[in-house]
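Below you'll find the structures, each written out as structure tokens.
What follows is chain A paired twice: with chain B in the first complex and chain C in the second.
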Partner chain A sequence: MVRFKNRWLLVEFLPIPSTPQSGAVAQTIQLNLDGRQIHSVLKQSILSNYGDIGWGAVALSLSVKYFSPTTNICIIRVGREQHKIVWGALTLLDGLEYMRLIPHVVHVSGTIKHVQLAAIAHNRTVIARYRAMANAPVAYQDSYDAYLESSNRDIESLED
Partner chain B sequence: MKRAFDNPQPTNYKGRKKQKLANARTIAVQSPITANAVAGPSRLGPIVSDNMKRLPGAIDVEKFAEARSFEINAMKNAMEAASSSSTTRAWQVLPRHLRRRAASHNPRRVPLRLRDKARAEMDPLKRKALGRSMPKLGKQKRLPKEVVFMGRQRDKRWLETHIWHAKRMKMENMWGYRLAVTPTEKAFRPSHRASIRGSILHDASYLSLIEMKGPEAALKTILESCCDVQDISPGAKRYTSGARVCKTHVYAPDRYPFELICPVTIMWKPKPSSPLSDDTSKFRKADGKDKQKVASPEASDNTRTLWICFHPSPFNEVFSALRKSTSQVLEAAGREGIILDVEMADIRGDIGIFEIMGPKSNQILRGALSPVMAEASTDFKQFWASLGNIQSAGSVPGGMVIGFLVNDPRLRFPPKNAKVQLPTGSNISPPVGVFPSAGLAACNVWEQNIRNKLKRPRYQTKDINQRRSKNLIPGTPLNPLRQDDRIPVMLIQTSLRTSTSNDTEAIEGWTFIFPAGWSMAFFQQLTYTGTRVAGQRERKTQAFEAGAAYFPSDYPSTSAYQTYALTRAEGEKGKWTRTPPAKRVNYKKLGTHSPWIPDWKVVLGLKEMANEPITDEENEDADMQDLVTTQREPEQSPEQSSQNSAANDEPASRPWLLRGLEVSSIISDLSDALVPGQSLYSIINRLRTKRSLEPLESIGKPDDLLKTALVLVRITICSKGSPSDLSLVYSIPDLELQEWRKGLTKAGSNPGPAGVEFVDLPDIVPSPNSIIGYITTGGFSLSRGEGFAIGAVPLTRLIELQQQGQRLSHYVKSDKALLVKVRDRKGHQCRLARIQVLQN
Partner chain C sequence: MFYDLNVPITTTTTSNSGSKKGKGKQPQASNSPQFTAAQLSAIDAHLDLLIHLGYTVICFNQTVNKKVDPKTHINVLNELLEKLKPRRGILFLKRLSVILDEDSEKGFGLINANTSYFNSYDILSLIPTNQATFALACLTHTLPSPLTTHIISIPLTLPRFPFHLKHTLIRTAIKNGAVFEINYVGALGGESDAALLEAGAAEANGSNAKRNWWAAAKELVRVTKGKGLIVSGGVVAQANLRAPRDVANLITLLELPQDAAHAACTSVPKSLILRAQTRKTYRAVFSEPTLVIPEGYSAPAPPITSTPTVASIPLPSSQQAVAIGGQKKRPREEDLVDSKQKQQNTSGTMSGQIGQGSDKKKKRKNNKE
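And now, the complex of A and B:
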């Protein structure tokens, strides 16, 4: 049986602010990106770097499955034979018109399950890094948990 | 997202299903507008171009964590939804060991809670076609099940647990029984893990059992003339009390060290100091008959009973050996005017034997069996209390026998494993504190009349189920009544190990012995909580991983091995002949002269290797077969022909296996001796006189004894490769061995200088004369993580290897290991391996 094999890329888009920032590390830049926008930007990049042949090879199987504007994490599906074209085009991606982007490929795998697992692991390392920087203890409980518990109890007592 | 959104509310089933599938495949995204939190940049380094970095406060970290945690949750939910949406059928949620083949069209094959769902999923057309809507007629006209099953057992016997095994395992006819070889599901690694970390059970009721009755001194003499002289005599005090079982090997009487037959387990019936008639009076049964123990009138005599348990393959040989030995002893006594009465009986099929290996077997046994505490001795109570807490069966003295009475196992079905309760504050389980004794080992399973009474259980399983349904609270275990059966059972500590003192590779467990008729009841009780079940292949793998020799495949000179090797060779050769030449291994080209059966005579040097080894008879031309050669047959010189005939006829040149507890010391003595033949001869005679056997008559040259000796060895591959069965073992000439050794110590191999032809060491073709042995069982050992094998080499070659090791140890002071080359019979590359004597 012929199976269509895919490669799933887990990409994180790191925004580069146009003006050098001073002071706060933790200033986040809101990108008004969309899945479709990413797809079109990627298409432009492939067309310009690999030409029509490149785009023709990739077009059928390329799709952006997930994109989250809050964390800038994107999951892209490509066919197995053409994934290097897309990866290369990603790397050569400069950015959008108004802002520079650095795409950072975190993980590549053959199933979406492993990409999801890799996304989970990536997020956890980032949180752990932040906590380490803030010198928070390892088993740090966010203050929201206590609030959640108390509010839950309040709601349940209301029902009775 | 790229996916176009469907109709918001599809009405038909297909549309809804499609929507459900599409939902399962999407990952939820946290929209930035509604979210309170924003995720910070994931990389803090190169993005920030400023030197003044402000550390993120705690609140910022929380905001970032919240945003990212939404994504983590979304991913997890998406994964679960996707996997659960793909399993559509009811039986797909069941684990592999509960799935049945007919579950897709027969809802009765699925557990009760899923039956409705399965019935709903079944295609209604198919349901009609199966004809389940109408009941089957003619049930009264059918032959009863028992008749049908007995008809299938004409040329073979089934064990009591046969049907359970037949549904789950591949079965084969072996030694007159239909036995399970291996489970049908993939179970090689899980079975190995179960034997070293969990528990695994094997129904060994096919083992042959011989009962001997007679005066103690006579039995001792009979056994001592047959058994291995290097072991402790089976008539020693520690065994005759019945507290321990004796594991030894049986030879033909007076023929030690030739004619090894098989390993045996000898159990003496315990002769307790207090008379056992007190126990029998408490033993009440519904029919009111008073059971007298048969042993009590004989307890005053010196009559003892013993059981000899061994592999079924050489049954006739063992029986005739014992019979011959008995007649010798009776004759000798008769000459002195004493009349002895020794009985020998074959009691195969009277008892059931289960082998439960693995450290969890203690908890399983503790949880599954409910002993009758009212009649138990204090020793047993103490033992039973500590059974659940000991780390493995190895914590108990080796070969210890514990006999007790259990209630009907079906009363407390389903069982629960005992939980380990260690004393607070310690990780080490306390020692058992109970020593083997005849009182602890006393058990009524030795009594024939009690076994016969228990052959038919008093209550059938349906009666017990009815009783259970009458319980007020469903699920409470039944209390044993007066009329319920009480079954005498025995637990014997067994271990698969070599005889070296510190053995970390041993696999320990219990042998569970009970009267016939109760196999299925105990089997279900023991297997319910997750014990794996082993077939012949798993049992062999257990012995292999423990580094112990397995009978019959690892005992080269016995006749049981001969049968096994010939059957295997026939099968493999037939398969090879049926394969077209382009798709099969070309043994002639590889130089493997005997690819299907190890040729011990060639290895020992007794026979010259045939020049034209493999002939494929079908490939020869039809014309050629009619022709007769015009050449005269090459004249065999008279001494050659007589030698050949002598080699075949004379029993002195049949290979024999040098084994025993003292093998290593014997071999080291021999390698130092000037005339090893004479030295071996004197050692053997010393051993024989220890058991008051006559010394061997000189069989021509004492060198013959040395030349025909085989020794079991363990072979460990040094770096990569896994030796398979029937691989060839070669010795390495000195120069080559130094090259190999250099390769061992260096991390990587440097290629030779440019311009020089460099033959890789594995590719060097060994000369056919350097073959020193075959591997009987080999493979990749999971517990060691490297290739491992058990094989046999001649004693002379082993001595030569030791001398080679001493010679070359001047140069390399690192290891004293003896090195050999191993070549797979189907390949041409040789791998370096360490060789070591196997203490059996």
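And now, the complex of A and C:
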């Protein structure tokens, strides 16, 4: 029974611009991130905090599965034994060169199913927050609906 | 419920308060605005982030160097709380930290005469920087009194760990109800409170601070064996904030077991805040003890000359026992327990009574929670 067990982390990145603004505004800042950049930044963080040994423990099972630029959500898969290392390295992450970030781990789970559900729920709350800020009337159709649909499809098509 | 018990607030007039130097000639003008609009909006943004990350109880911390002089010291947090916009569901607390060093060994204002002044703060804490003040903080200031300092915050980012953590001192402090605080800002190498930097209680250089922090925090965890620890922010820059679960994970890297790490973020601060409220009570007693007569207990029958009719009274049936017990029930329990539970077995009241009669220091758990 040597099944390889994983942990799936749902991470939200909160950007902190160098000129302090109120939190609600800050979330609308777009980061030009993608999965590969996150992977490299995470690798740097693990290397500097845990060294080569830490990176070696994690490297084969670490992969960034999904990233959404609109809501700054990222789904990362790690092996179960090493997920604490990656979680710690994520917390100690400072940011990118041009912008500081707060990594906020929203959900940790052992199967992809629950991470998908958590991601979809989180997307909905973020979109609701954007809409509340925009103060639009309830039945107003905006681009967020289309975004929600497409992101739901992307998330659900994730495979192990 | 996640707690951040250390959100440092510095005021614009720190230069004024720093130059007391014992002369105390400049009385602080109490009507000068201590917070500019820019500072307020920065604090608001900081709070927004904290709430977004999931903290529900936030404690503002004002740091004072060396000693507290009631004539010149102003509780800026009172003003701050009035000026912040109201937020539902969030609890704000006020805390005072005093940095202790050699000069404060003789006394630093935490005396009985000043008690009424300190009542405006919810939590008091000390930051000792050498062995003598550490012993002072652990032994004398944790005893239950209106001036108990419930939090002892050891500076973790200093290059040479300033004093040897003696196990007996720490154990006494924890037994008296104090907790030791770990500020997670050091782990990230972020900037610490300006007052701490000035007083030399924190290291300015980021990477050195980080290394010292990991070493010192690990030592603190080892000596306290994971009990009596709380984790708090101490974060000045927004970018160093972290969600409470992330912080709990960081603390597990200090070889603290996972449940202890989670308790350090949730249950330990919760008990601490409740305990801190006992500063207003006599010797840290929580509740007013009430006399409880157990079910079926009857006063000893009057001697010899009693007639048979009188003697039959002390033997109530079980039905009556419930009724009698119900009348004699503590008024508190009637609020707490809803009617369904009242009719249930008598064993409920027995255990409730035992719980109250014993250790008065522990809070009686509300049935509904």
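The rule is short, and it goes like this: the second predicted complex is superposed on the first by the 117 of 160 C-alpha atoms of A that agree within 3 Å, B and C clash if a C-alpha of one lies under 4 Å from a C-alpha of the other, contacts with A are read in each partner's own complex, and residues count from 1 in each chain.
By definition in this document, a contact is a pair of C-beta atoms (placed from the backbone, for glycine too) under 8 Å apart; a residue touches a chain by one contact, two chains touch by 3 or more.
Quick caveat, the model's predicted, so the values are computed rather than measured.
Trainee: In the overlaid three-chain picture, which partner chain does A:G51 touch, first (chain B) or second (chain C), both, or neither?
Mentor: Touch partners of A:G51: none, neither chain B nor chain C.
Trainee: If we overlay the two complexes on their shared chain A, which of chain B and chain C does A:V64 touch? Say first, second, both or neither.
Mentor: first
Trainee: Identify the partner contact of A:G110: answer first if only chain B is touched, second if only chain C is, both if each is, neither if none is.
Mentor: Neither partner.
Trainee: Go through the superposed model and pick first if A:R124 touches only chain B, second if only chain C, both, or neither.
Mentor: Touch partner of A:R124: chain B, not chain C.
Trainee: Taking the superposition on A as described, I'd like to know which of chain B and chain C A:L14 touches: first, second, both or neither.
Mentor: Both partners, chain B and chain C.
Trainee: Please name the chain, chain B or chain C, that touches the greater number of residues in chain A.
Mentor: B
Trainee: By the touch definition above, which chain A residues appear in both interfaces, chain B in one complex and chain C in the other?
Mentor: Shared contact residues on chain A: 14, 16, 20-24, 26, 104.
Trainee: For the complex, which residues does chain C have touching chain A?
Mentor: The contact residues of chain C facing chain A are 41-42, 44-45, 48-49, 52-53, 187-188, 238-239, 241-243, 245-247, 249-250, 252-253.
Trainee: Where on chain A does chain C make contact in their complex?
Mentor: The contact residues of chain A facing chain C are 14, 16, 20-24, 26, 84, 87-88, 90-92, 94-95, 100-105.
Trainee: Spell out the residues on chain A that touch chain B in their complex, using ranges where they run on.
Mentor: Within the complex, chain A touches chain B at residues 12, 14-16, 20-26, 28, 30, 35-36, 39, 63-73, 75, 104, 112-113, 116-117, 119-120, 122-124, 126-127, 129-131, 133-134, 136, 142-144.
Trainee: For chain B, which residues are in contact with chain A within the complex?
Mentor: Chain B reaches chain A through residues 1-2, 27, 29-32, 35, 37-44, 47-50, 52-58, 60-62, 64-72, 75-76, 78-79, 82.
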